[in-house]
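When the chains are written out, they are named A, B, C and D in that same order, and each has its own residue count from 1.
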Amino acid sequence: MAPSTPRLVVPIDLKKKAWDQSLPLHNRWHPLITPVAEVHTDEVFRVEMVDWTGGVIGDNHSATDVQFLDLSITHYLSGPIRVVDKDGVPAMPGDLLVVEICNLGPLPGDEWGYTATFDRENGGGFLTDHFPCATKAIWYFEGIYAYSPQIPGVRFPGLTHPGVIGTAPSAELLNIWNERESHVQENGLQTLKLCEVLHSRPLANLPSAKGCVLGKIKEGTEEWERIANEAARTIPGRENGGNCDIKNLSRGSKVYLPVFVEGANLSSGDMHFSQGDGEVSFCGAIEMSGFLELKCDIIRGGMKEYLTPMGPTPLHVNPIFEIGPVEPRFSEWLVFEGISVDESGRQHFLDASVAYKRAVLNAIDYLHKFGYSKEQAYLLLSCCPCEGRISGIVDAPNAMATLAIPTAIFDQDIRPKASKVPVGPRVLKRPDVLKCSYDGNLPITKNPSATS
Amino acid sequence: MAPSTPRLVVPIDLKKKAWDQSLPLHNRWHPLITPVAEVHTDEVFRVEMVDWTGGVIGDNHSATDVQFLDLSITHYLSGPIRVVDKDGVPAMPGDLLVVEICNLGPLPGDEWGYTATFDRENGGGFLTDHFPCATKAIWYFEGIYAYSPQIPGVRFPGLTHPGVIGTAPSAELLNIWNERESHVQENGLQTLKLCEVLHSRPLANLPSAKGCVLGKIKEGTEEWERIANEAARTIPGRENGGNCDIKNLSRGSKVYLPVFVEGANLSSGDMHFSQGDGEVSFCGAIEMSGFLELKCDIIRGGMKEYLTPMGPTPLHVNPIFEIGPVEPRFSEWLVFEGISVDESGRQHFLDASVAYKRAVLNAIDYLHKFGYSKEQAYLLLSCCPCEGRISGIVDAPNAMATLAIPTAIFDQDIRPKASKVPVGPRVLKRPDVLKCSYDGNLPITKNPSATS
Amino acid sequence: MAPSTPRLVVPIDLKKKAWDQSLPLHNRWHPLITPVAEVHTDEVFRVEMVDWTGGVIGDNHSATDVQFLDLSITHYLSGPIRVVDKDGVPAMPGDLLVVEICNLGPLPGDEWGYTATFDRENGGGFLTDHFPCATKAIWYFEGIYAYSPQIPGVRFPGLTHPGVIGTAPSAELLNIWNERESHVQENGLQTLKLCEVLHSRPLANLPSAKGCVLGKIKEGTEEWERIANEAARTIPGRENGGNCDIKNLSRGSKVYLPVFVEGANLSSGDMHFSQGDGEVSFCGAIEMSGFLELKCDIIRGGMKEYLTPMGPTPLHVNPIFEIGPVEPRFSEWLVFEGISVDESGRQHFLDASVAYKRAVLNAIDYLHKFGYSKEQAYLLLSCCPCEGRISGIVDAPNAMATLAIPTAIFDQDIRPKASKVPVGPRVLKRPDVLKCSYDGNLPITKNPSATS
Amino acid sequence: MAPSTPRLVVPIDLKKKAWDQSLPLHNRWHPLITPVAEVHTDEVFRVEMVDWTGGVIGDNHSATDVQFLDLSITHYLSGPIRVVDKDGVPAMPGDLLVVEICNLGPLPGDEWGYTATFDRENGGGFLTDHFPCATKAIWYFEGIYAYSPQIPGVRFPGLTHPGVIGTAPSAELLNIWNERESHVQENGLQTLKLCEVLHSRPLANLPSAKGCVLGKIKEGTEEWERIANEAARTIPGRENGGNCDIKNLSRGSKVYLPVFVEGANLSSGDMHFSQGDGEVSFCGAIEMSGFLELKCDIIRGGMKEYLTPMGPTPLHVNPIFEIGPVEPRFSEWLVFEGISVDESGRQHFLDASVAYKRAVLNAIDYLHKFGYSKEQAYLLLSCCPCEGRISGIVDAPNAMATLAIPTAIFDQDIRPKASKVPVGPRVLKRPDVLKCSYDGNLPITKNPSATS
């Protein structure tokens, strides 16, 4: 072993179930979830992770596993990892934890992933009103590249990153989360602009003992019950980082995470081989198992030094990060615009979400003219390295959002041309994404964790 | 003259007022505004433009001109330009007009610009609740670079672009605009999420004869009155392009604009030496006079071929574009995150506008720790080549937006460090932006166009 | 005028001959050539320049002007410009002159250029043994882009730069140059490896009163005679910078030039709209008239501080520079290799010049398979933004050089493919470069400067 | 196993010696070296490789292993690999073999490398006249980054690549190589320009049975003797690719190799974590063991279709390649120039090798002013991702070469400044490279392969 070989601190055995790993995983945020490993600053260590569903979605020819996925189990995370400095003193609340992503990738022997949309009644997605059915595409990796039998004609290098990376919240921060998210869940409908189009999506993902996995804390104990009912779901990103789904957190990037509990308790998971800005289809990256090689540093007192609370308490902060030097390089981009006027022609006021939705829909329809099904285009824009920008946010009443697609990922020239060859369905019978029909009447969900 | 010297089709004489140019300008969108010039496809032509205010804001040491700016006069545009093909056949409704930006820049002899925020009662900006006063910074250009005496310590290459470029709407499209924008103006308050923070900003910018300039159409005539009362304001971007404020529309880019009237009637203005995604301070780019060297092509029937209506009529389309090959290159970025929780700690549902606001506020507070006033940081983030991304838009309840700042624009290392030298006010008496006080009691606005 | 408008210190009137400009030009390096202008540090100033031949080569349909070009007149330079600091103290020997290229471009009204090869008996080029005839292609500019009627199928953005920028040598440095170059001229043949292939090219370009232009110094005077007979030719780059032909000296770059005489005496010329590494055809860039907007700074004592003499005297130094941030961006490159084995199959020992020659020849033959004539390919590789690398220089006996071509400059996909459509002559009668026949028997050269 | 998991076709066991691997290695080029594996087109396969010396140079605190390295053993290659198409038909002479590098990296558990210079009497290097002693620096990897205890103050991402990748020569091509290289060895001295400075370096590396390893062919047999005495050394790159040391052959790149024997017989080795253009110190990359994940395609008849013989026979061709999309991205470069005047002040005629030598020496002296020893700078420029360009090759008598260094790899700002803080020896006792003294009197070399 070279002295610089990363120390494996969280191993994953792919032949075992997510809930049977030697170091137990967890899928909630809570200060009392016990660390499974300890690292010191400046050592490079390796963390392995299952995919976000813990293997429920398979490399097969059906989208049924997506249709009936139990979302209460997400995301299976590796950790928490306690971080101490060279003298053994742990990271303390108020510090900044610097996490450098030295390397990452799929787990050896498991070089594949999937992109999917959920059924409208089971999670949905950004465009669930247009695409109510569960769909799935499988991606195979060839080193840095991915291709999908279900979306022929594209191949691209991954901008690989962890969808989830974060520190444990303190009890106080956890309370803040639960209160504000309960509020939106209870009072949401009358105040929400997006309510019509998104009515069937949950407004928040509140704590739920169902599907809960809490690491070393044994299910069935009183402690488990208490924690399970207050631990935060991992679905939204928050002050601790978490499910930020920031596609640029790739090789060589550095994340500066606030520390809320002693030891920082760093967790990670939801590895993405590639993702577009927004991850629009929800299960929208190329989801996979994977590994991270990390190196930590501690900036003592760094929260006060570098972060400013943006709300009523000193805990209302957000992480910052630096982008790494080896992102895929594209020089030609085709860009789609969207303004905050919805599909019914209704004007919204400076709403970047509506504008981005429009830009994505424009891009889907455009790609459809080149022979892709709309479902293929939706999944593709969700997982390829496209960029979603807030281009204008002040020119009332229209927000302006843009979606930029690198043209090099296609095996045809997709730019508009004066002498365009008509495409239509390019091949009479092309492969398409795997689909389920939508009947608005979901069967009883199977919870794989219930079998544990 | 080399055969490839661009033909000057719209000249600007900077010694004359905006309303006294030899070819009259206009500041509204309407199908009946008469073309001032004609170009044919494949010729490179030059269009000169005043700054968006027509010279009202000056290179002086006061923000008073910003405070009392009459927004009804914006934006002074050059054109319309009628586009015909080599055989003299004009662009027709349903075609796509391809506009290549071969070159652009400030007008010779006028190499300066300004960035400003408006008073809360007179336009405001994205963060008007935090920055209610009018402020201004002057920028001087040194070739590709800009620097400001009011924001010392930064210098950066411009990603120069036109804030406004668009085709004339048809009467039918104009009606659609006026109806939907009236609706949001009338019914806006009870349905808007952002209402608390933005209550004093106009919800829409509806047609207004005040300040209206209509090119060759003589003020005072019956025709002028009729058009002035129905012509669309140029403030929001729309189906025809217009004020898209897309910072990447720079040298070498191509815009594909839908054609709604015979000849396309292309207009442009609002030149920006540089702008950040979002142009957050509203008057937020480095605003300047300038020139465009353009080359047009026509894709016959291209609207149907390449664009898909995204609303009730075939006119509900959006332009697309390709990014050019000579954008400033930065390799190191510091990135700030924002989630859809507002400053009061209140949770919003997947709201990218709130998330982006939070990311910008985080960045402002961060830069403040390095010796910049918050006003300096606000103006800087509005006009420097920073990137605003919609990173996550599906993980309920939090949208995740990011703001990436190129670190090379600063003369100090702004990355977090374990051994940070305390900054505080780096110099006891540093220059700051030019400011006006806010009293919520605006005097009567002077309308420069009223003097014409 | 904005305070940041560049001050025009050397104007060019294109309607006048090169030798009739209001501020006289020069085409030799000598300490006694008098400055024509003075600038101070931190001011942005504008220098205008004729093309390197002073207008001898024209935008016409013949290569005759190239065939009979009098090389003794090259290069017409603007300057010298004396540089002083804010207190009026001039740059002094031993200082470093920092020259920032804030902006540059073709002269307005003169937006065209040419690329050429010389006749084997009159200058030749890197591949003169393969291409003995004079050829020429005209390029027209469309903003950042150039295209040539003689080389259809390519269009690319320019990486515009001055071929020549340098300070005046001291008398001592001038002596060093003249001695060492005389030596190679006299003793060259028996020691040169390249002698077979390059035998007809001059081994050095020694001082010559013929064609000499010395700025304010009047022709015919004794002073003129003396200086003309010892002033260095501008063809090779040397310790003072000079004709470095470094294609990356573009917008935003900074050159650190050693100062050998009081005031630095900065001169520039030989503007290139674009050039490939090596400028292989000799008159190989897209040659044009143009302007530079420059800003100077002085590092007092900087030669000793930053440069190390690499020879017997403290004057044996070389400039250094920083690359600017707005070079054209290409993501896909096709790369050709060359090793130090020549066309006869003979092995050379670690000779990067032979290896690069081979790489260029490989690329020419390759492009020929896609329908370009070899002359077109030769001129194209000389002037497009291709990169010439010394990839391996230690693996005896073969040096390895590579030539990388950006694929985006072609209107066809030039990558190798399993299912290639045969090309042959793509169009039976395509345009080609303008050619002269080679008869090894040059007529008497006309010297335009003799008419002055 | 995912269906896209690369198939391991050549395994390396790092616990075994280079000559004891289960699939035997080889260190010569010869058509009769038998394939050790077979792959078909479109499958992704994995090749593992020892470092070029087969483990002779160790992660220790002495340069003695470098000083006494037996160069006759280089390079240990994995392969040959026979390539067949989907129907089992092998690649045939005249085809082009397309090799895509899907992924690569160090071998797990062996994440370190070394950079070294050889003793002047034992291989030397590009600057052996300035640096006659053996030196060594150890590099440790942290994911994409490398750092060296012997060269503190730098850390950079690797542009990882195979130094050697090539197909087997035919008997005819082998004869061509041996003839031309014998010729330069025998007749070299009187014709070489570089002879003074490089006199002790071998002019060619001719066939030698000493140290020879021939895969499955048993040492001691008559066949072995015959082949060993005519097989080509792997040191120079040639028509078959081979030791090209092209630093851009990294992830995602594609090499188009000519096929000279049935099955192509692809071999690879000499993995480099990083290397600068030129690999100037000879053992100049960050040398390591490693793996390649490759995918092959065959272009039938591609040699004739795409390559042009550049010499007397159809075999005088060179490979071409495409650069991949994930190279490290740097935006700021400091560039050093060199002209073809040597250190004695003597003028050479358009000699790019001399010019590049000068550029490298300039850069070394420059970095020395920032606290690095000259040996540290030499090794650093040899292995960091710097770019070596042939900038001008036509302006007699000076060739102009440039060396561009990315400034971001240093922990200090190395750009020239008016207010530079003097550096001198920054720390009184800094670490330095590992050194051996040079006495021109080498002991008897130990040949590790002799023990097999």
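Here, a residue touches a chain if its C-beta (ideal position, glycine included) is under 8 Å from a C-beta of that chain, and two chains touch if they have at least 3 such contacts.
Just so it is clear, the structure is predicted and the values come from calculations on it, not from any experiment.
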| item | value |
| --- | --- |
| Pair joined by the larger number of C-beta contacts - B-C, A-B | A-B |
| Most remote chain, CA-based centroid, reference being chain D | B |
| Whole-Å gap between the CA centroids of chain A and chain B | 32 |
| Chain centre separation (chain B, chain C; CA means) in Å | 41 |
| Where chain D touches two or more other chains, by residue | 325, 329-332, 408 |
| List of chain C residues in touch with chain B within their complex | 1-6, 44, 59, 100-104, 108-112, 140-145, 157, 251-252, 293, 295, 324-330, 408 |
| Chain A to chain B touching residues, read off their complex | 96, 98, 125-126, 176, 180-181, 183-185, 188, 191-194, 198, 201-205, 235-239, 243-248, 256, 277-282, 284, 297-300, 302, 305-308, 310-313, 316, 318-323, 325, 331-339, 341-353, 356, 358-359, 361-362, 365-366, 368-369, 387-402, 404, 415-418, 420 |
| Chain D contact footprint on chain B (complex, rising order) | 329-332, 408 |
